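In order of appearance the chains are A, B, C and D, and numbering begins at 1 in each one.
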Amino acid sequence: MKRIGVFTSGGDAPGMNACLRAVVRTAIYHGIEVYGIRRGYSGMIHGDFCKLESHSVSNLVQKGGTFLKSARSPEFMTKEGRQKAYEQIQSAGIEGLVAIGGNGTFTGATKFYDEFGIPTVGAPGTIDNDLFGTDYTIGYDTAVNTALDSIDKIRDTADSHDRVFFIEVMGRDSGYIAVPCAIGGGAEIAMIPEATVTVESIIDKIKIDWLHAKTSSIVIIAEGEVEGGSTKVAAKVREALPDMDARVTILGHVQRGGAPTAFDRLLASRLGIACVKGLLEGQKDVMAGTINSKLVYTPLIDTIAKKKEISPEYTRMIEILSI
Amino acid sequence: MKRIGVFTSGGDAPGMNACLRAVVRTAIYHGIEVYGIRRGYSGMIHGDFCKLESHSVSNLVQKGGTFLKSARSPEFMTKEGRQKAYEQIQSAGIEGLVAIGGNGTFTGATKFYDEFGIPTVGAPGTIDNDLFGTDYTIGYDTAVNTALDSIDKIRDTADSHDRVFFIEVMGRDSGYIAVPCAIGGGAEIAMIPEATVTVESIIDKIKIDWLHAKTSSIVIIAEGEVEGGSTKVAAKVREALPDMDARVTILGHVQRGGAPTAFDRLLASRLGIACVKGLLEGQKDVMAGTINSKLVYTPLIDTIAKKKEISPEYTRMIEILSI
Amino acid sequence: MKRIGVFTSGGDAPGMNACLRAVVRTAIYHGIEVYGIRRGYSGMIHGDFCKLESHSVSNLVQKGGTFLKSARSPEFMTKEGRQKAYEQIQSAGIEGLVAIGGNGTFTGATKFYDEFGIPTVGAPGTIDNDLFGTDYTIGYDTAVNTALDSIDKIRDTADSHDRVFFIEVMGRDSGYIAVPCAIGGGAEIAMIPEATVTVESIIDKIKIDWLHAKTSSIVIIAEGEVEGGSTKVAAKVREALPDMDARVTILGHVQRGGAPTAFDRLLASRLGIACVKGLLEGQKDVMAGTINSKLVYTPLIDTIAKKKEISPEYTRMIEILSI
Amino acid sequence: MKRIGVFTSGGDAPGMNACLRAVVRTAIYHGIEVYGIRRGYSGMIHGDFCKLESHSVSNLVQKGGTFLKSARSPEFMTKEGRQKAYEQIQSAGIEGLVAIGGNGTFTGATKFYDEFGIPTVGAPGTIDNDLFGTDYTIGYDTAVNTALDSIDKIRDTADSHDRVFFIEVMGRDSGYIAVPCAIGGGAEIAMIPEATVTVESIIDKIKIDWLHAKTSSIVIIAEGEVEGGSTKVAAKVREALPDMDARVTILGHVQRGGAPTAFDRLLASRLGIACVKGLLEGQKDVMAGTINSKLVYTPLIDTIAKKKEISPEYTRMIEILSI
């Protein structure tokens, strides 16, 4: 292998730049040329490539976002789009690909591999931590810390005003962000997609807590929980407990940005190195991840199709700790 | 004067604790006893007082929120409520009051002074910076920095995805938070209550910017701007520019909490000292503030009734800097 | 078991309060009384105990330091001291102990258990991460992030001035803090106690880097590395490369404080729960830790005597990434 | 005026990039070309110039350091060096200069103006805040907040261990950084160059405080205070109070870096605009600053020669607040 391409795709995640830096420098370390592909699959189709050197990724390890940019590409979902992308890859002499992203990225990557056989190793870059084949995804630790930092601030107000706060964090399909936020944020309840918490049970819990002299409560709600979202839940609670001063904050896109944490920089660096080494060692159509701190390659198809469960121990922890 | 009372009221603001610490220690320094009144006017009515010592305010200067708590008190708006409050103050032997808060706090305070004549000095504690009689209110600098920190994070995503972001910051009646956020956040436009920016002009500006090769835009919107709020504005822009990927984030209550900045700790400390000194020197029915870094006492009625203008220079700065 | 005692000892670490909160609430959840022992073994000897309730640990999960305080106790190293401590524990009716700390804490705890047989479960609370029996200690992740945040700031200056910076981080016996700081901080070299890096090799590396157009370099030095400390190393480099503008910063005690990260809050909460459950299930003379995310109890004597190795993979990563 | 040059010189300060951005965009807004001069006077001598466009300063407002870099230039202190610089400036067609820096920068700038008459307007970019002609310098607010953030962390440890901490902050000639750090950090004492605080008085203060049940103390020491520096002071205190656990932390270069605060971004933007406007309006050999929030131009010679006093009110505040 003489030349590889690297791109980021899907929602950006803190640590993507650290991962890109590791990919670039590992390739150069092993005497391989690296081309950056801008804006993911869209740039692949349009041949938006640039040669990357060691200094191209200087002073990037601590930066949020992705300097190669990311974009959605409906065109890549078509056979014609992928054909065009293949031709661009071919004519640029790229013999292997590193794909940094999440679900959607890997769905595209494995399809592309099936059709054109260019060896591809993925790195899990998404704040959602919902990929099978790795204990942690790049950006997850940062997103949780960012959310927690906001929750700490909101608690100052909750506590000063004897309020109930409903705080919505990211997580359309999983409670991976919500759960550590609830435990670390000293919340009373977490509502997550994996386990139904009824509004009634929330009302009961708040009632009992306040009878026991609690004067503020925090409920962490994952986007994807089943009772209809933070605004709806808060409305119902307000109706049942009209004396409570209940407020809603949706943390939103803030959770995606910012300088990556030490954990994410380390993970991103390690997986970036592993992607290039994987390609050199003949890996194809897999994702590099870490399980129990050990490097593992998992078929891309499994990372999408298999489900990573969240430990029920955590729900129990929230119950005990909010006594 | 032998004994004074101090309370916080209205929305909490970072630096209130630093101000309370200064009030308590200055009083003790001058041989005066201090009573904390919990939950503002509500606690005044119910006699929820506690004697404060120097160590009561140890390790508080850096904490967000207010350890004396804050609350709304509809009862204090009635003559009977205020009568009860007066009786509590009387029977506790409190001869002067320090009131930390904003608009609503001072409206109550000046009315209470009119009726019962207990000398009262206010400190401007609100993130909104909309009080006449002081260049800055306690908590304002922190709120702006908190908002800016979030905007920096969102920019990582805006830039990685070539997006337009509409970010709503606090400010129901003024653009004091929005304007420095726009300048410091590198935003293209600020929509504020003081100056109408039409949605049409925003659409035009974005169009031109993107023609000139900008690939992301940030619009800062104060809660109280006149075009209907961030969600509505974004919807209209999306309609006019369907190719743009436009997103909305409402920063919300995060802006109220967190450790105060150096500026707010200094201001809070200075004004806390000034409140007690003011009482000792015979001030009554005034607010302590700083204008051009000098300590100034302004009649409470003026702080509410008079309007503090935002400099038009700032709007011009945004225009120049986003070229 | 009806009543347990809990204390923190040794250097404070972020997350100790979160761990205390978990211990207290888990005990209460299981109907057990908890006594806080102030200032570690010193407070044990002097009977400085206080009953803790659920609300005693409210609003503590996010606070650095330890609200029970910590202290050195030369007296506890004597047989007489421990005898006194035992009598205090006895007369307070305490039947089990939770000890939060590091090396020194567990040395005392296992000795005390040997002599008096009071069941004791430890939680690893130290920023050093040098305890056998757990992948991570409470406070470690926060310390690394704090150091990294400082390194990011210093890099701004290094880069603006074309400088070489020697940054000393904590770690008297291990490179656990230095290594992720080097990888995550984009450093060129890490000097750690586990592996000798000669000053000569540093000089060579810097020379070569600058020949290849690098314009700033960062060297991370663990306190305990073998070439004599950051000041000495910098002096030798300055002598050999007089044209280089070489500076030293010793991060110092800043690394011990601050709000714990999400990771540390979660770990601290989990281990706090595990300590109490361990006592209830008959554990004695062990430390609760996590290995590969699973809860593990390790004899206290092993946590001190056995050595936890740092992966050589990391040193290799620094080499590749700083190409 | 058709073309101007801009450079940063001296110690870097957060906000320099925000100022550069404002200079560049204001020039372009007024139809003037801008050249960046790399590495200050050194780059001027060597003709290290680059044309700057609006997008050259995109995404820079929030970045620490200076993208044009800074350097010392002994050569510029010679007549020959300045002659060379003038020739470079001439041949590049640069008709006006914006100089961002501190004392040393302006000393060079005014000399250069005297000799060659190229209109120069300076912006005060230094964390030290020791320039006459402006209430605040760019970077000062950020440096104070960075130091304070570290002090907050150290306090966690001081408080947990009943310790005395001596924390050295920057400020070779002034207490501008030390004083707000002491007030905002809840310190007991500040030692600054402007006012001698003897070690004896510190020992007395600590003794009395601890008699009155204080259990930790923080002393903030400016680099330039007169009793010999933090290490020496701590040694003497340790000798006099051997029971105290006294520690030293020197914050060092961390104070120079990091993302600028809102205040610094606003100030930097405003002064960057003012520099270009000043040149357009015929200003020469002056510094743009703000006094009482109003824009003021002060002769460069005065900014260096005249002394800006620190208000004695602050020392008094520390005394009252640490009671």
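Quick note on the criterion: a contact is a pair of C-beta atoms (placed from the backbone, for glycine too) under 8 Å apart; a residue touches a chain by one contact, two chains touch by 3 or more.
From a predicted model like this one, the values you see are computed outputs, not experimental measurements.
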>> With a step meaning a move to a chain it touches, how many steps does the shortest path from subunit A to subunit D take?
In response: 2
> With chain centres defined as C-alpha means, what is the inter-centre distance between subunit B and subunit C in Å?
Replying inline: 39
> Quick one: subunit C and subunit D, Cα centre-to-centre, how many Å?
Replying inline: 35
>> Can you work out the whole-Å distance between the CA centroids of subunit B and subunit D?
In response: 28
> Multi-chain contacts in subunit A: which residues touch at least two other chains?
Replying inline: 152, 155, 159
>> Can you tell me, using the touch rule above, whether these chains form a line, ring, star, complete graph or other shape?
In response: ring
>> Applying that definition of touch, give me each pair of chains that meets it.
In response: A-B, A-C, B-D, C-D
>> Residue numbers of subunit A touching subunit C in their complex, please.
In response: 18, 21-22, 25-26, 28-29, 54-55, 58-59, 61-62, 135, 141, 144-145, 148, 152, 155, 159, 180-181, 183-186, 212-213, 259-263, 265-266, 269-270, 273, 292-293, 317, 320-323
> Hey, which residues of subunit D end up touching subunit C in the complex?
Replying inline: 8, 11-12, 14, 16, 39, 63-66, 69-71, 146, 150, 152-157, 159-162, 165, 247-254, 256-258
